[in-house]
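There are two complexes below, and they share chain A, which is joined by chain B in the first and by chain C in the second.
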Partner chain A sequence: MDLFWQILVSGGMLGSLYALVGLGFVLIYRSTRVVNFSQGEMLMLGAILALYFYQDLKLPYGLAFVGSCVTVGLLGAFLERVAFRPLQRAPVITLILATVAVGQMIRSAVRIVRGSEVSHFPPLFPTTPFTVGGVTLTALTVGTVILSIFLVGALVLFIRYTRIGRGMEAAAQNRDAATLSGVSINQTFLLTWAVSSALAAAAGILIAPLIVITPDMGIIGLKGFIGAILGGFLTIPGAIAGCFLLGIIENLAGYYISGAMKDVVSFGLLLLILIACPQGLFGRQEARRA
Partner chain B sequence: MKFKLASASIALYAGFVLIALAAPAVLPAYPLFVFSLAVVNIIAVLGVNVTMGYAGQISLGHAGFAAIGAYTTALLMAHGDWAFWTALPAGGLLAGVFGYLLGLPALRLGPLYVSMVTFGFGFVVVLILQNWYELANGPNGMAVAPPQLFGNDLTPHQFHYFVVVVAVALFVVTRNLINSRVGRAFVALRESEVAARAMGVNVAATKTLAFGLGAAYAGIAGGLFAGLTQFINPDSFVFGVSISYVTMAILGGSGFFAGPIVGGLTLTVLPELLRGAAEYKELLTGFVLLMLLIFLPRGLVGLLWDRFSVRPDVIREVKSIKTDAIDKSVRPDSSRELLRVTDVSLSFGGLAALKNVSLEVNEGEIVSIIGPNGAGKTSLFNTISGLYSPNKGAIEVAGQPVMGYRAHQRARMGISRTFQNLELFQDMTALDNVLVGAHGQITNSPIESAFRLPGERRREAEQRSRALELLEFVGLLHYAEERAGSLSFGHQRLLEIARALASRPKLLMLDEPAAGLNSTEVGALADIIRLVRTRYGASVLLIAHTMNLVMALSDRVIVLHHGVKIADGTPASIQKDAAVIDAYLGEVSNA
Partner chain C sequence: MVRINFKRVSTVAVAIALGMLAHGRAIAQSGISDTEIRIGMWTPLSGPLSLLGTSTRDAVKIWSDDINARGGIHGRKIKFIAYDDAGSPQEAQAAVRRLLTQDDVFMLLGGSVSGSTLPVRQVIDRAKVPFLASISSNINLMQPFSRYLFRIYANEISLSEHLVEWAVKDMKSKKPAIIYTSNDYGIGGYNAIRDFMRKSYGIDFVAAERYNPNDQDFSAQLLRIRSAGADSILVFSFAAEAGIIVRQAKELGINVPLFGGAATATPLFQRAAGDAARGFVAVYPLPELTETSTAPAVLAYRKELEKLYPGGMPAGRPSEYDFLAYTAAKTVGQALERAGRTLDREKLVQELEATRKFDTGLTFPISYTAESHEATGRASIIQVGDDLHWKMIQSSAN
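So, the complex of A and B:
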C-alpha cells in the first residue's frame, strides 16, 4: 500500500509541473484559438537559459530563474509580433503550422549552439530522502511542487483580479465585445504570448533538476497539453485537475506496465479522451453555433 | 497571351516524367539516389496534399503513416517471405487503415485537436518502434532485402523506373478523384463544412476517406523508401519528417495538383546541395515554412496559377443545352402536404429559440417566415435541415419522418437551402459549387471515379450540363469558371440558389436571399423564386425582411416572435393581424 501512495504522491508532483506548462497552452488557446506547438521549446529554452545564468554567469538562483522567465517571455512577445500577428486573419491551420515552424527553428538552433549535449541542472534543494507516513520524499521534490503550485495560484489570481488578466479573459470569451469595451486585442495577445512563454520557461526550470536537459526535452511540455485536454481544455480549474490526473496515471502506468511505454500510455489516453469525451472529464462543451 | 493552359501543363508533366525516366542514363549513383528519394517524397507529399491541401484537415503525423508502410513492407519481406511487390501495397493498405481510424476522432473535432491527435500518433509510432526491440531491433533499425524480379535483385536504375511509374499511376488516380464527386466533396469540406452537409455531402465518410487516402499514399512512400535505402530505423520517421512533408506541400502549393512535385523536388534536392548538418537543414525547413505561411501561403504553383491561369471557355459548351428544360418529373400537386413540422422546441442552454412551433407547407407553395431578429427563423431552418436537433417535436417531408436522419441524408431526401451569411465554397468555381449541390444526385463511387469508368464519365457529364443549365437559370452562366469568392455579393446569393437547386429539392429554404440586394436585384430574385416553383416544382420556404417581396410572392406568411408562431395566413390577413403589427410589422412600416 505504501508503494501505491508513493506512486500517487510522485505522480501528483509530476502533475503540478504539467499544470504549469499546460496552463500556457490553455491561455493561448482561449484567447487566440491556436494550439501552440512551440510551447515545449519555450520550456526547454527556459531551462537552458536558467542553467546558463546560474552555472556560467554565477547568478543567484532567484535571479537566474526570473532572468530566464523574462527573456523567454520577451521572446514569446517578439514571436507574436513578427510571426503570429501577421497571421491573425489566416485560417487556424496556418497559425498552428506557424507555431510548429517556430518550435522546429528553436529546437534546431539550440542543437546548433549546444550540440546534443546533455546537462543536469544542479538541484536547488537537498536530495536526501526522508520518509513521511511510509512515503519517501526529498526536499527537492517537495520544494518543486510548492513552487509550481504557488506559480499556478499566482497566475489564476493574476487572470481573475488584474486589469490585464481580465482583458485576457474578455478577449478569450468574446473578441469583438472585448474590443468594443476598450480592450486592445493586439496588446492582449502580445501579453498572452509573453505570459504563457514565461510560464513554460518557469516549468522548464522547475522540472530540469528532475530530468535531464536536452534540445528535445520540450516534448514534456506536450504532456501539459494532454493533461489540459484530459481535464477540459476550456476551463482553467478543469485543465489543472487534468494535469494532476495525468501525472498520476503516467506514474501508475510507468510502474505497472513499463517505463518506456509511459508516453505511449499518455498519448493513447489523449486519443481515447478525444474520441469518447472531447470536452474533457471536468470541462464543459464549447457552445456551438451554426 | 494566348496559350492553352491545359495543353501547356500536360506538356510540363510529360516533360517531367521524361526527365525522371531519362535520369538513370545520365546521373551518377548518388544524384540518382537523391532523385529517386525526391520522387518517393513527392508521393508522400501527394498524400499530405489530399488530406490537408484538398480536404483541409491538418496532419502532423504523415511520417508515422510512412513508418507503418515501411515497417510493414520490410517485416512482411523478412518474416513472411513476401515479395516486395505484394508487401508494398499491403504496407500502403495498413497505413490507410490507420489513417482512416485516426480520421474518426477528427469527425467531431476542430483543427486544434486534430493537429494534436495526428502529432501524438506520429510520436507514438516512433516511440513504439524505438522501444519494441523484438519487432525490428528498436533504434538500431533493420536491413531490407533488395526487391527482386524473376530471381534477380533490382538495380538502382530499375528501382528508379519503378518508383517513377508508381508516382505517375498515383498522380493519375488522384487527378481523376479530385476532378470527380469525391474531390469536390473534399474541397467543399475545406471551404465550408456546414454547407457541405446541407448539400448532401456525408462529412464523416469524406473526412475519413481523406485521412485514409492521404495515409495510404504516405504508407506506399514509406514502403518505397524501405526498398530504396534497404535499411530503415525509427529516425527516418520522426516529427521533423512530418514537418518536411507539410513544408514541401505548402512550398509547392497546398491544394494544387502540381504542388507536391514542385515542393517535394525542391526541398529534397536543395538541402542536399547545401550539404549542411541535419540541424541546419531542420532550421532551414522551419524558417522556410514560417516565411511561406506569412508571405506565400498559396505556394509556388499558386503564385503561377494566380498569374497565368486562363478560364476555360464554357459558353460554347452551353449552346448544346436544351433551355426548355422544364422538369416534368416533379409536378406539384398543391393539395398535397410536403412539409409538416409538429410541436418543435429547441433551446440552447436555458435559452429557448423555438417553442412548440408547428407548420405545414404544401407542394408548390411559397411560404414566407417573417419576424424580428432573434425570432428563431434561422433556428427553424437549421432544425428542418438537420444542423440542429430539437429538444422535442417531429418533422415530416412528404409523409416521411426525417428526425432520425442527419443533414446530408435530409438533403438527399429533398430538403435544400441557402444561408443567411453566404456559405459558398469560396475557392471553388461557380460551376463546381453547383456540382457539389448535385452531390447526392451522382452515385459514382470513389473507385469508379479513380479509374474514370464509362458510367462515371456519363453521369458526370449529365450533371455538368445540368449544373450549367442551373447557372443559366440564375443568369450566371458567364461566370461558370470564376471563383465563387470573386463574384459580386448579389451574384453570390444567386449562386447559392443555383447550388441549392442542383439537388432537385422538393423543399427549397431561402434564408434572407434579398438581404443586401438593391431593388433591381430584388425584382430579379422574385422572378427566379416564382420560376423555381413552375420550372422545378419545388416548394419554397422563405425568410425575408423585405415586405414588398414577401407580400408579392407568398401564398402564405408565417410570423415568429420569440420562438413562438403568432400568426399563419394569407399575406392580406397577416397585414391586418393586430398581434403581428404589434410585434413586427408596425416597426417596419414606420421605418
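So, the complex of A and C:
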C-alpha cells in the first residue's frame, strides 16, 4: 500500500510540472486559437538562461529566476510582434506552423551557441531522501511542487483580478465584444505571449534540477499540452487537473503494467477520454464566439 | 502550347540514364590517381551528435595533414573528404552514395553512429570499398562478415561482457537489475547481457525495466526495481538520460551500486547527474582517459588538436572518438605503407588483415585477421571519483 501512495505522489509531482507547462499552451490558445508549439523551446531557453545567470554570472537564485522569466517573456512579446501578428489574418494552421518554425529556430540557435552540451541545474533544496508514511520524498521535489503550485495559483489570481488578466480573459471569451468594451486586442495578445512565455521559462527553471538541460529538453512541454487537452483545453482548472491526472496515470501504468507501455497506456486512455467527452474531462462547452 | 514528344523524351531519358550508369561504373573503380588517395567520411558534424563527428573528422584531418606534409604515402597525398549526416540515416545514405559515385573514394573511414552506419553497410559491401569504422559499436555492423568492413574498438557485446564480469565477479552482485532504453542500442545490449550472464554465471536480472527515448521521468521503473530487491542496477542508456536515472534513483532512496554501458562513460554523464554521479562505474573502450591521461601519445595528440582550435579547445575534447578515429587513420596509414606503390582496394584489405598488435598508445592495440575484422575485445572499467572526474580502476589484459 505504501508503494501505491509512493506512485501516486511521484505521479502528482510530475503532474504539477506538466501543469506549469500546460498552462502556457492554454493561455495562448484561449486568446488566439493558436497552439504554440514553441512553448517547449521557451521552457528550455528559460532553464538555460537561468543557469547562465546563476552559475556564470553568479547572480542570486531569485534574481536569476526573475531575470530569465523576464527575458523569455520579452522574447515572447517580440516574437508575437514580428512573427505572429503579421500572420493574424492567416489561417490558424499557418500560425501553428510558424510556432513550430520559431521553436526549431530557437533550438538550433541554442545548439550553435552552446553546442549540444548537457548540463545540470544545481538543486536549490537538498536531495537527501526522507520517508513520510512510507513515501520517499526529497526537499527538492517537495519544494519544486510547492513552487509550481504557488506559480499556478498566482497566475490564476493574475487573470482573475488584474486589469491585464481580465483583458486576456475577455479576449479569450469574445474578441469583438472585448474590443467594443475598450480592450486593445493587439496589446492583449502581446501580453498573452509575454506571460505564457515567461510561464514556460518559470516551468523550465523549476523542472531543470529534476531532469537535465539540453537543447531538446522542451519535449517535456508536449506532456503539458497533452495533460491540458485531457482535462479540457479551454478551462484553466480543468487543464491543471488534467496535467496532474496525466502524471499519475503515467506512473500507475509504468508501475503496474510496464515502463515501456507507459505512453501506450496513457495516450490510449487519452484517446478514450476524448472520444467519450471531446471537451476534455473537466472541460465545458466552448463559449460561443462571434 | 508546347507539344512534348514522349517517344523522343523517353529515348533521351534512357540514354541519359545509361550514360549515368556507365559513368557511375567508370568512376567508381579506383579511388586513387598517381598523386592522390581519396578517403571519404560521413559523420554527424551538426546536431546533438556533433561531438562524435567533429572529433572523428578532426582526428583524420590531423593525420592526413601530417602525412601530406611529409610528402604523402608512396608519392600519393591524402585527399580527405568529409560530409555531414547530422546523425540521420537518410543523410547518411545520400552522403555515402555521393562519396562512392561522385567523389570516387578509395576507402571510407570513421563513419557515423550505428543508426546511420547499419543502413549503408550493404551498399559499401557491394561496392567493395573498404570501410574502417571508428564510431559504431553495434554488433550487426560486422554481421554477416564482410571482407570490406573493419572496426577499431570492442563491439558493444564485448564491452557489456566486461561490465557484467565486473558487476558479478568484482562487485559480487547476486540480484542485478537493468534499466534500458527502447531502441537498438538498449534492446540489443539488454539481450546480449542477459544471455551472457545466464550462460557464464547462471544469473538472471531480478528486474528488467524498459523506458522510451525522450522519457524524463523514471520513477515507475525505479520503483519496480526497488520492489524487486535488486542489489545493483545496470543503467544501459545514453549519458543524459543515465544522469537523470541516477539522480532519481537516489531521490527514491535506492542506494545500491549503479553501473553503466559505454555510452555513459563520458564527462557528459557527470554534467547530467551532478553530485549523484559519485561512485558510478562504467565500461570504457580505451586504456587511457581522454581528459586526464598523461600518456605521451595522448599529450602529443592534444597538442595537435590545440593547433586546430587556436581560440580554445571545444568542450569535451579530445573525446574518445578523437582517439578511435586517429588510431583508425594510423591503422590505414601503416597498411598503405606496407601495400606499396602499386595499390588497389583488395591490396589494402590484405594489408589491413595483416595488421598485428598495432599500437598507437591511444587505444588498445589493433589486430585483424582474414577471419576477424574486430580490432580488439579489450576494455577498461572506470568510476566517478569524489571530485566528479572519471578514474581508471581496471584495464583488461585481453
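One rule holds in what follows: the second predicted complex is superposed on the first by the 265 of 290 C-alpha atoms of A that agree within 3 Å, B and C clash if a C-alpha of one lies under 4 Å from a C-alpha of the other, contacts with A are read in each partner's own complex, and residues count from 1 in each chain.
Throughout what follows, contacts are C-beta pairs under 8 Å (C-beta built on N, C-alpha and C of every residue); 3 or more make two chains touch, one makes a residue touch a chain.
It should be emphasised that the depicted structure is a prediction, and the values quoted were computed from it without experimental measurement.
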Next on the checklist: On the A-aligned overlay, A:Leu74 touches which partner chain: chain B = first, chain C = second, or both, or neither?
Outcome noted: neither
Next on the checklist: Going by the contact rule set out at the top, does A:Asp263 touch chain B (first), chain C (second), both, or neither?
Outcome noted: both
Next on the checklist: Tell me the contact category for A:Leu140 with respect to chain B and chain C: first, second, both or neither.
Outcome noted: second
Item to check | Touching partner for A:Pro278 - first (chain B), second (chain C), both, neither | outcome: first
Next on the checklist: For A:Ala90 in the superposed arrangement: first (chain B), second (chain C), both or neither?
Outcome noted: first
Checklist entry - Does the superposition put A:Leu63 against chain B (first), chain C (second), both, or neither? => result neither
Checklist entry - Where does A:Phe37 make contact in the superposed view: on chain B (first), on chain C (second), on both, or on neither? => result first
Checklist entry - Does the superposition put A:Arg107 against chain B (first), chain C (second), both, or neither? => result first
Checklist entry - When the two structures are overlaid on chain A, which partner does A:Ile7 contact: first (chain B), second (chain C), both, or neither? => result second
Next on the checklist: Output the chain A positions appearing in both contact lists, the one against chain B and the one against chain C.
Outcome noted: 111, 219, 260, 263
Item to check | Contact set on chain C toward chain A in their complex | outcome: 47-51, 179, 182, 209-212, 214-221, 223-224, 227, 239-240, 243-244, 247, 250-253, 268, 271-276, 314-316
Checklist outcome for this item: chain A contacts chain C in the complex at 3, 6-7, 10-11, 14, 111, 115-120, 122-123, 127, 129, 131, 136, 138, 140-141, 210-212, 214-217, 219-220, 247, 250-255, 258-260, 262-263
Next on the checklist: Help me check something: in the complex, which residues belonging to chain B touch chain A?
Outcome noted: 52, 56, 58, 60, 104-105, 108-113, 115-117, 119-121, 123-124, 127-128, 131, 194, 240, 243, 246-247, 250, 277, 279-280, 282-283, 285-287, 289-290, 293-294, 297, 348-349, 378, 382, 387-388
Next on the checklist: Help me check something: in the complex, which residues belonging to chain A touch chain B?
Outcome noted: 29, 33-35, 37, 83, 86-87, 90, 92-94, 96-98, 100-105, 107-109, 111-112, 219, 222, 225-226, 229, 233, 260-261, 263-264, 267-268, 270-271, 274-275, 278, 287, 290
